[in-house]
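Before I ask anything, let me first share the structure, which is written out below as C-alpha cells.
All chains are identified by letter, namely A, B, C, D and E, in their written order; residue positions are counted from 1 within each chain.
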C-alpha cells in the first residue's frame, strides 16, 4: 500500500524520470541538487503533469496517462511540506495551520491543533503573522499545516533542513510514528544520509 | 581581526542578545530555531538596527550606539548569503551573480565568475531565470553572488542546508580556503554539529 | 410622494430665465416643472431615444428640426402645432472690461487688427456651438472671416468663450448679448447688425407621448404668454 | 462647508450613485480582471481593448452609446422595459453611466494585483484540499485585496467626477440624475456662478478625502501594505 | 478606415499630445507613487487626495483651474511667460491638460506595484554594495515595471479620450489643440454628425488597440507577467 510510480517529464533540456515501487512505509528520494526530486513530489501531488506514466499511491490511481486518469490536486489527499514552505502571508500561524484542517472531513483528521503545536513547539506562535517568523519556525508551521490537513500520504521536501539537532530528533520521532502507527505512505527528500537511513524503508536515487 | 560584537535588540516579547569576540577565522552561531541567529547577522549587515551595542568587524567599527556610528549597509562590505536566498527574480542567473561584482572596485574583487561557476557547479545555469531553479541551485547562486561582490567579510546563514553531501563537501572546502587564504572573517549559521566543528574556530551559542 | 411636474429639456443657456419662469408658474399654484439643462444636441438625442420628457427648448432651429424629422415614432416626436419661437437673441462683440478697443461692425471692419499680434478670437466652436455658427455666418457675410479664421479659439460653449474674454486670455470674443450683459468683466464693443446672420431663435415645442401633456401644455402657453415673455425680456432676450 | 438642503440632497444622490455604481460593478470588474490576468485565449487583447473603451472614447460618446443601447428604442432598453425596468432619466441610469466609466480603472488595478499573486500559494492551498472556488475566495481574492481596494477607490473617485456620459445619457434632472458634477456644470453656466462652483467642488474634494482615508484605514487593518 | 488628410492630421496631433503628456508626467507620477507607497509622513492622505483631485472634479472644472493657473493672467502662466513659454491655445497646453487628467491613474497603478515590491530584495542589493539610487534603478523600478506599464497604458488611454479639461483650457483650435475627442465632440454637436462620430471613434478604438497590443508585447518581453 505504498507508492507505485513510473513517470517521465521533460524540463528544459533535461528529462526527469523516476520509477519505483514501495510496499509502504517511508521512501526516501536521494540525489544531487537539481536532479528532479521536487519535480517528482510535484507530480505525485498533481501540481506538475508528467509527460507520460502512472502514479499509484496507497492503491489509488492518481494519474495514468494511458488510461486518461488525472485526479485533481485537491482530491489527492497528499500532505505536502514544500521546500520553500509556501505559508499563506495574509493569514496568521493559527489560520495557516487550520487551513487544511477545516477542509478535511472530520473522520479524515488524525491529529489536532494542540497536538501539532505541542509536537512542533509552535504553540507560542499561533497569533503571529508568518512574515515575521524565523526560517525554522516557518518550516515547522509548514509541517504542521500538512499534518493537520488529514492527508492520506505525506510528501516531505527537506522538512528538517532548517532545524537544530534537538528539534530534528523530535520530528523524526514523530515521522516514525506516522509511518508505523498510521501507516501513511511517505515520500521523503533529504540530504542527510544518516537521517534517511534511519527513516526510510527504501531509498530511491534520482539521477540528474 | 575578526568580530567584536555586543548587541541587544527587542523583538516582540523576546530580547535577542549576543556578545562575542573572535580573533579571526570562522565563527559559528549555534542555537535553537528562533533564537536570533539570523537577527544577529542582519545586525552585522546593517539591515537591522540594534537597540544598543557595538559591532566591529575586521577592526572596522560598523556600529556603535554610544559613539553614534552606523555605517550604511552598502559600505559595510558584508557578503551575505540569506537563509531565504533573495535572488533577484527579474534577472537571470548570470546577472544575479554579477550584481555585486559590477559594483565592487576592481581591486576589491577576489574571485571571478568563471571560478565561482566552477566551484559551485552552476555554469550550466547562467542564462536561466532564477524562478525556475531548484532549491539547491538557488542556494548555490546565492553563495556565488555573495562571493563575487568582493566582500570583506562573509555572513552565511545555513548556506549548505539544501545541498547533497558531495556538493556540501566541496563548498566546505571552498569556505576553508576563504578562511585560511584570504583570511576573511566569517559568521556562519549551521545546524550540523560535525560541519560546524570542522569549520569553526569558535562556536557561539545564541539562547532563545 | 409629491406629484411630479412636466419634464422640460432646455438648452443650458436658458438656465436662469427658465428657472425664474418655473418659479413664477409654481407661484400660481401649479406643480413646478422639472427642468433639465444640457447641450441642445444631448437633449435632442435623448428625446429621439424615447426619454420621457414633455417640452423641449432648443438653442437653435436645427436641433428642433432634428427632433421633428427623426424616425422612430408614428406621428413624430413633436406634438403637432406646438412648435413656436420662444425668444430671440443678438450677437455681441466683446472685449475684457479694461480693454480700450473700439470698433464699428460693418463690412470689412478691421477685426483682425483688434486681436493684436497673437491674440485669439473667442467663439463658441463654429460648426458645433450655435453661437459660433451664427458668428461665423455674420463674419463671412461681413467679409472678415478669412482674416480671422486662423485666429479662432473655439470654446465648448458660449459661456466658455465668455470666460476666455473675461479672464483676458482672448482680447476679443463673440457671444450672445444676453451672456455679455451679465458678466461685469467684459465690455460690449458693439452688437452685430440683425441682418448679418440668420435670426437667432430659441424654439419650444411639446413632445408627443409623454404623460404630463396637459400640465406641459399649460406651462408652454405660460412661457409664450405676455407674463412669460416679460420674464425672458428681463434677461435681455428678444420676445417679438 | 455651508450647503443648503438642495446641496445636501445633491451630495446624498452623488454618494448613492457612486456607491451603487462601484459596488455593483466590482464583481464583474474582478472577474474580467481575473480572466485578463490568467486567461490565455485568442481575443484577449480584444477584450482588453473593449474594457479600455470607456477611457479612450470621449464621455459624451459613451453616453450616446448608452442612450442607443438602453434608450426606449435600444435593444437592451426594450428588454429591460419588458421586465419593468427603465433607466432613462433615473438615478439608476446615472449609476450605470458611472459604472461604465469607472470600469476600466477598476479592472486595471485589480488585474495588476491578481498578476502579482504567487500561483505557488494557490497550489499549496489545493494540496490542502481546497477546490477552485475556495482557493479563489481564501487565497487569490485576499492576496489581490490591495488591487481591489485601489480599484474601488479609483472607481469611486471617477464616479464622483463623472459628468459627460451621465448628462448625455440621463440628462440633468434635479433630484434624480443631477449629481455633484452636473450641479457644478449648472453653476458654471451662470454668470457669477464661480462661488457656487468652488463650494460644490470643495464638497467633492472633501468626499474623496473621506473615501481615501477610509480606504487607507481599511488597507492598514487588513495588515500593513494592504494585505500583501 | 477612410480618413481624409485633416483626419490624419488630427490623429497625428492626438498621438503627439498623448505621448508627450504620458511620457512627460511619468517620472513625476512614479516619484509621487513611490512617496505614497513608502513614505510615512503627516499629510500623506492629503497628498493622496490631491493626486486624486483631477479624477473627482468634473473635467471642465479642472480645465477652468488650469486656465486660472496657466492662463496669461495666471500666476504660473505669467512666470512661464517670463521664460518665453506659453501653453494657452497651444498643443502643449492640450498635453498639460491630458497629463493632469491621466496623472491619478498613473500614480495608482505604479503605487500598487511599488507596494508589492519585496523590500528584502532591496536589502539584498544593498548588502551587495548598491547605493539608494542604484537599488531604485536596478531593483525597485524593474520589479515595479508591471505597474509602470499599466500606468502608461491607462494614462495613454485616458489622454486619448481627454476632452473636457482640454477644450475648457485651450479651446478647440484645428491643427493646434483639436485632438480626436474634440473633433468627435464637434461632430456630435451637428445633427446628422453620427456617421462622422462613429468613424472618428473607430479610429480612437484602433489606436488604443495598437497601444494595448504594444504594451502586452512589451510586458511579455520583460519576462512573462511583466517582470514579476
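Everything that follows uses one rule, which is that a contact is a pair of C-beta atoms (placed from the backbone, for glycine too) under 8 Å apart; a residue touches a chain by one contact, two chains touch by 3 or more.
Keep in mind that this is a model prediction, so the values were computed, not measured.
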Exercise. Out of curiosity, which chains are bumping into both chain A and chain C?
Worked result: D
For this session: Enumerate, in label order, the chains that touch chain A and chain E alike.
Result: B, D
Seminar exercise, completed: Outermost chain relative to chain D, judged by CA means, is B
Exercise. Ranked by contacting C-beta pairs, which pair of chains comes out on top?
Worked result: D-E
For this session: Would you kindly tell me how far, in whole Å, the mean C-alpha position of chain E lies from that of chain D?
Result: 20
Problem set entry | Euclidean distance of C-alpha centroids - chain A vs chain D, Å | 45
For this session: Averaged over CA atoms, how far is the centre of chain C from the centre of chain D? Could you give it in whole Å?
Result: 34
Seminar exercise, completed: Expected list for chain B, residues touching two or more other chains, is 84
Seminar exercise, completed: Among chain C residues, those touching two or more other chains are none
Exercise. So which stretches of chain E touch two or more other chains?
Worked result: 60, 64, 164, 185, 188, 228
Problem set entry | Pairwise chain contacts, counting only pairs that touch as defined | A-B, A-D, B-E, C-D, C-E, D-E
Exercise. Taking the complex as given, what residues does chain B use to touch chain E?
Worked result: 45-47, 72-74, 76-80, 82, 84, 86, 88-90, 99-100, 103-104, 129, 145-146, 149-150
Problem set entry | chain B to chain A touching residues, read off their complex | 12, 30-34, 38, 83-84, 128, 132-137, 139-140, 157-158, 161-168, 191-193
Exercise. Can you list the chain C residues touching chain D in their complex?
Worked result: 7, 9, 12-13, 15-16, 34-38, 42-43, 45-46, 48-53, 72, 157, 159, 179, 182-183
Exercise. For the complex, which residues does chain D have touching chain C?
Worked result: 60, 63-64, 67-68, 71-74, 77, 86, 88-89, 167-169, 171-177, 186, 188-192
Seminar exercise, completed: chain C contacts chain E in the complex at 39, 41, 44, 62-63, 65-66, 120, 122, 125, 127-129, 152-156, 160, 163-164, 167-169
